[in-house]
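The same chain A turns up in both complexes below, where it pairs with chain B and then with chain C.
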Partner chain A sequence: MIQKKVCVLGSFGVGKTSLVRRYVQSIFSDTYLTTVGVKVDKKTLSVGTQEVTLVLWDVAGEDDVNAIRMTYVRGAGGYFLVADGTRAETLEIAKSIQSRVAAEVGPVPFLLLLNKADLQESWDLSREPVEALESSGWTVLRTSAKSGENVEEAFQELAKRMVS
Partner chain B sequence: MLDLPARISDWLLELVRSRHEVAHLFVDGEQALVDAGGNLEHYGLTGLAMRQPVCDQLPLLEGMLPLPESPFLLQSIGMPSGRVADIHFFADEDATWIVLLDVTTEHDDARKMQQKAYDMTLLSQREARLIAKLEAAHRELTLAHRELGESREALLLTHNRLQKELRNAERYVRATLPEPLVEPFAVDWRFVPSNELGGDSFGYHWIDPEHFAVYLLDVCGHGVGSALLSVAANNTLRSGALLNTDFRNPEQVLEALNRAFPTEKHADLYFTIWYGVYHRPIGRLRYATAGHPPAIVVSGPNSERGTAHTLRSQKGLPAGAWPDSQYRSAEFTLVPPARFYLFSDGVYEVSRPDGSNLEYTAFEDVLTRPVPEGKSELDELLLFAREFRGDQILEDDFSIVKMTI
Partner chain C sequence: MSSLSLSARPTSDLPDAQVDDARIRRLADLLLAVARTVDPEVAAEVPSSFEGDPRLEALRTVLLEQDRAAFARLRQKVDDPQEFAEAVSAVLASAFALAASRDERLATILAPTMERATQASVATNPKTMVGILYPLMGPAISKSLAETLDSTLQGLNQAFKHSFSWQGLKWRLEAYRSGSSFADVVLKHTIVFRVEHVFLIHRKTGLLLEHVAAPQAASQDPHMVSGMLSAIQDFVRDSFSNSEGGRGAGIDSLRLGDLTLWCEEGPSAFLAAVIRGNPPESLHGQLRETLGHLHEDLRGPLEQFEGDSSILGDLSTRLGTCLQQQEQPKERRLSRWLWILPLAVLIALVSWLVLRAIEENRVDTYVQLLRDEPGIVVTGAERYDGKWRVSGLRDPLATEPGDLLAKANLAPNRVVGNWEPYQALSPAIVLKRMEATLNPPPDVSLVIYGNTIRARGSAPQHWVEKARAFIAALPAGSPRIDLTELQDVQDPTFVALRHAIQAHIIPFDSGNPRPPQEQEAVLDKIAEEVAQLIKVARGLGFSVRVTIIGHADSTGKDTSNLSLSAARAEVVRSMLRARGVAPDLLSVRSAGALEPLKPDATEAESAINRSVTLTVSTAD
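Take a look at the complex of A and B:
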C-alpha cells in the first residue's frame, strides 16, 4: 500500500472542509465553520489493484490578509484547487494559489473543483475563463459537497493520476 | 540564548511544558521512530512502535521528511485527539527532533475571530452581488419602461387615427339618414353609434303619394366594414335600385336585397332588416323581416299609458346569409292615435356593469309610458339605456325610428 499527501486549497468559504467531510464521512452540513490551520484526515481507496491511502490536508482558506502557508503543501503528491461557482472571484484566487504551489512542489497532479453545483441558479462563473483553463490543460470538475455530485469521482481521479 | 540564571530558565521551561503539553518524537535518517516522550497521549499518539516507519504511525508526517530546512514549523495542525498543535521540526544530523506544543486555546480564539470576519465578508459579498443584480434588473426595467412608453405612444397615435376615421365614417352614415318629418305625420329618430361604430342605418320615403316605406337594418359586426355595407344597402333602398322589384311589396324587397348582397361578395357580412310599407289611405302597415327584432305599435293618446302591440311575422333569415331565403309579409292596421317604433337590438340589449341584462318588458314599459308635453320618449329611452348601462357609451348602436299617427 502506498500513502500520498493531498492538499485541499482555495479561498475561504468555498467548501473545502465540506468536500473532505463528504468524501471521508459521507456527511454534509449547511452551517459554515471556518478552518484555522490544518485538519488532517485520511481515506484508503483502490486504483486498479493498488491500494492508496490519501492523507488529506484540509488547509485554511486564503483571504485578502492571509495567504496559504507554503509549508503546508510541502511533500504533497497532489492537490485540489477549490472555487465557489457562486463567487467568480474565487476562481482567480485558485489560479493564484496554483502558481505558488507549483513553484513550491513542482508539477504534481491537481484538479480544479468548481463547487456548489447544487446552487446553479446563483452561479456567477462565466464559461469563458473556465474553458480557457481547460484549454491550457487543467482538468475541471463541477462538484457539490451537498449533493455529492462528482466528489467521489474527483478523489478517485486525483489518486489515479498520482500513482500512474 | 537568553542570558538568564538557571532558575529562571528552568521556570520558563516549566511554564512552556505546563501550558503547552510538550511532547516529542525522535526520528532517524531512515524515517523510523527511535524515541518518543512527553504528553503523547494528549495528542492521541498512543501505541507508537519504535524502529518502525514514523509516517505509517503519524500520517501527517507523510512527505515532510527529510527536512529541507531547520528549524521548521507547522502551525495549528489538528491532531488525532482533537487537540491542535504547533509542530516544530529540528534537524540533528540525519535525524529529526519533532516537538509538539498544544495551541488549542489560541486556535479556538483565532477561529472565533476568523468565523466572525468571514461571516461578515461573505455577507457583504452576497449583498454586493444582490445589489449588482438589483441594479441590472433596474436598468432592464427602466429600458423596458421606456420602450413600453414609446410603444404606448405609437399605439395611442394609431388609436387616435382610427377613432378619427371611425368618427368620419359615423358622420358619413349620419349624412345618409333622412331628416325627421312633421307632416302629414311625424317621424322622428335617434341614432347613437357605439364607440366602435356598428352597422345600423335606416330610412323612410314616399314610394308614391299613398305608400310610405320605412326600414331599419343592422349589419353584423362593428367597424367601418359593417358601416359601409349598411350604407350601401340603405342607398339601394332609398334610390329604389333593385330591378324588377315592387317596393310596395315587403317580401319582394327582402328577397331582392338577399340576392343583391350575398355574404360571399361582402366580406362575409350579412344584415338583419325590417321593412314596412304604410298605405296611408286605409291605415294598413304591411311588413316583413329578415332576422330583425319586431317593431312595436303603442296605441292610445300620448297623455295616457298606451297598449303595446308587437308586430310579429315570419322571421326570415338575415339578408345575404342564404341565397334561396324566402320572406313572408304580414299586416297591421294603424288606428290613430298610435305610435310606431322600429329599432335595432342595441336599443334593448343593454347590460349592466355586473353583466346582467335589461329585460325586454322594462324596455316596453318605457315605450308605453305617457309622454309628457314637450318631451320625447326617444330621449327618455336613451337616458334609460345609459343609466342602466352606467356609461354614456353603449355597447351597440342605438337606433330607433318613431312614427306618430
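Take a look at the complex of A and C:
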C-alpha cells in the first residue's frame, strides 16, 4: 500500500475544510485547526490496481496575520491549492503559497481548486489569470464543496499524479 | 626558428632506389631516437645512432619543448612542499568523497589515524574535545540523567508510599529474603503497565511506517493518529523550542489520565508508545534501543521513504518487542492459608476467652442470686472438670437452685450443685415452713414485719391450736410469730354437736362393764351425733377423734376399778363401732376411780361416777 502526505492549502475561508469534510475519513475535531493549526484526515482510493492512502493535512488558512507553517508542508507528496472563486484575491494568495511550498518541498504534483463553483454567478475571478496559470502548466479544477462537483475527481487526479 | 630536413647529405649521385632505402633507414633511426627519448627502457636496450648528432638535440627541442615545460612545472609543484600542498588540497575533498563512495577502505585506513589524533588532542587540551562533543553528548547525557533520576524518584516515591503499610512490611520481608533492595521490591509490585500501541512514524512526512497494538487495545485509525502526532510534534518544536537557528526537541512524554505517551526520536523516524498504567523508566531504554537498531539496519530505506512502506520490510516483529506489560502479581493461594489458620486459631482463642469471661460473669450473677435467696448459703463456686460446681447449705424449703439458672442465662448442664440441707431461721423460710406445716385457712394471711411473722384473719380453733403447737416447737433464735391479731372462729354446728356428744353420760350398774339396756337408745343417739360431727369436721377441713373415758366409783380395789373402767370404755367403743362409727376415730381411756364426775358424791349419788363419758378433739 502506498501512502502519500497531501496538504490542503489556501487562504482563510476558501472552503478547504468543507471541501474535504464530506469525502474523507475523519476522527479529529475542527478545533485542531484553530489550536494546532492543522487537522489530519485520511482518504483511501485506487489508482489502477494500486491502493493509495492519502493522509490529508488540512492546514489552517492563511490570512494577513497568520502565514502557513511550512513545517506542516514538509514531506508532502502533493498538495491542493484552494482559492475562492468569489474572492479574486484568494487566487493571488494561492500563487504566493505555491511559490513558498515549491521552495520547501520541490516540484511535487499539485492542483489548483477554484472552489464554490455552485456560486458561479457571484464569481469575481476573471478568466485571464486562470488561463495564464493553465498555460504555465497548472491544472485547475472548479469545485464545489456544497454540490460535490469535481471533488472526487480532484483527489483522484492528484493521487494519479503522485504515484505515476 | 630552426628547420628540420630528412636529407642529411646530398643524394644526387645515387640511383633512386638507393635513395629511397636510405631515406627509410634515416626515418627509422629517427623514430627509434624518439622512442628512446620517450621510453627509458628503449633507451637502455637500443643504442642511439644519433649520439653526438646535433640535429637530434634540435629535434628534441622542437618536439618536446611543451612537455618539458609542463614537466618542469609539475616537478616544481612536487618538489616545492607549499605548491604540492596547495595542489593536493584542491582535490583532497573530492578524493575523499570518491573513495568513501566506492567502498569502506578509506574509513578503515583513516580510523587508526583518527583515533591517535583524537587521543593526542585529548592529551594536549581536553577542553577542545569537550567543546566538540558537548553539543552532541550534552542532550543525551541530560536525558539519560533525567531518566535515571526519574527512575530513582519513582522507586523512592513508591518506597515511601508503601513503607508503613501492612503490605510494605510484607515487601520488606520479601526484600530481606530475596536480597533485593526494598525500593526494587516495591517497584516490582506497584509498577503495573501495558504498552497498548507502538507507532513508528516517518519524521519528514509524518506518515505511518508501522503500527502494532496489544490485544484488545482500542485505537483510532493509526494513519491519522500518526499524522496528528507528527503535526503536534512539529507544532511544539516550532512554538516552544528555545534553540536558536534550529529545531528543538519535540514532546518526550504526555500524560492523560491513565494513559501515557512516550516518544523517542531518531534521525529519520520516531517511535510513539501509548502506555496504560505506570510504566518503569527502563521502558525508555527499550524504545530507544529498538529505534536505534531500526536506523542502523534501515538507514537508506528510511531516508529514501516516500510513501511505499514495502521497501522497509516487515517491521511489526521488531516493534512487537516494545509491547511489554507487567501485571499485578497474583497472590498465592497457599499464603491465604498461612494467615487464615493462625487467624482462625486466634479467633478461637479470643472466642474461648470471651465465652469464658461471659460464663464467669453469669456464674457470678447466679451465685449472687443464690445468696439473695433465703434459706441458701453459698460456700464456694469453682470450675471442676469443665463445669462449674456451686456448693453450700440449703433449707429444703428454699428456692430450688436450678430454677435460678435461667435468670443467669446459664445452661443446666454447665453447673453442678452440691447442697447440704439445714434448717434456716430466716423469717421467709419460717413463714414457708409454717405454711407448709399448718396449711393456713384461706382467711388467714401471714405477713413478715422485720423479724416477726404476723398472722391475720380468722381461723378455727383447732388451727389456732396447731399454730400454737408449731410455735412452741420452733428452735431458739427463730423469728417471733404473732397470733394476737388472729380471731378464733368456730362452726356453730360443730360446736353444738361437740357439746351434745360431750354432754352424754352413760351410767353403769355397780361392778357391771356393760351399760343397762335402756342406754341402747342413748348409744344410738351418740353414734348418730359422732357421724354428723365427723362429717362437719371434714367439711371444715380437719378430722376429729372421740375419746371414750371409762369411770368407776371408789368402792373396791383401785386395780379392779381401773380394769372395770377400761372394760366399760371398750364395751362402749364396741357398741359404737357396732353402730357404724369408724373404730380408728375412737380411742379409749380408763380413768378408774381417779377422775370421778362428782368427787364428793354420797352413796346414793355415787352411781354417777360409774359411767362412761366422751370428749371430742381435733385429730391434727
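Convention: the second predicted complex is superposed on the first by the 152 of 164 C-alpha atoms of A that agree within 3 Å, B and C clash if a C-alpha of one lies under 4 Å from a C-alpha of the other, contacts with A are read in each partner's own complex, and residues count from 1 in each chain.
Criterion: a contact is a pair of C-beta atoms (placed from the backbone, for glycine too) under 8 Å apart; a residue touches a chain by one contact, two chains touch by 3 or more.
Since this is a predicted model, take the numbers as computed values, not measurements.
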Touching partner for A:L33 - first (chain B), second (chain C), both, neither: first
Should A:Q25 be classified as contacting the first partner (chain B), the second (chain C), both, or neither? second
Counting only touches as set out at the top, which of chain B and chain C does A:K4 meet: first, second, both, neither? both
Which of chain B and chain C A:E149 touches, first, second, both or neither: neither
With the two structures laid over each other on chain A, which partner does A:G13 touch: chain B (first), chain C (second), both, or neither? first
Of the two partner chains, chain B (first) and chain C (second), which one does A:K42 touch, if any: first, second, both, or neither? both
Between chain B (first) and chain C (second), which does A:T53 come into contact with in this model arrangement: first, second, both, or neither? both
Check whether A:G75 is in contact with chain B, with chain C, with both or with neither, and answer first, second, both or neither. both
Interface residues of chain A shared by chain B and chain C, listed 3-5, 32, 36-40, 42, 53, 55, 57, 69, 71-72, 74-77
Residue numbers on chain B that touch chain A, as the complex places them: 55-56, 59-60, 62-64, 68, 72-78, 84, 107, 110-111, 114-115, 117-119, 121-122, 125, 129
Complex contacts: residues of chain A adjacent to chain B: 3-5, 12-13, 32-40, 42, 53, 55, 57, 60, 63, 69, 71-72, 74-77, 87, 124
Which residues of chain C touch chain A in their complex? 202, 204-208, 220-221, 223-225, 227-228, 231-232, 234-235, 237-238, 306-309
Of all residues in chain A, those that touch chain C in their complex: 1-5, 25-28, 32, 36-42, 53, 55, 57, 69, 71-72, 74-77, 162
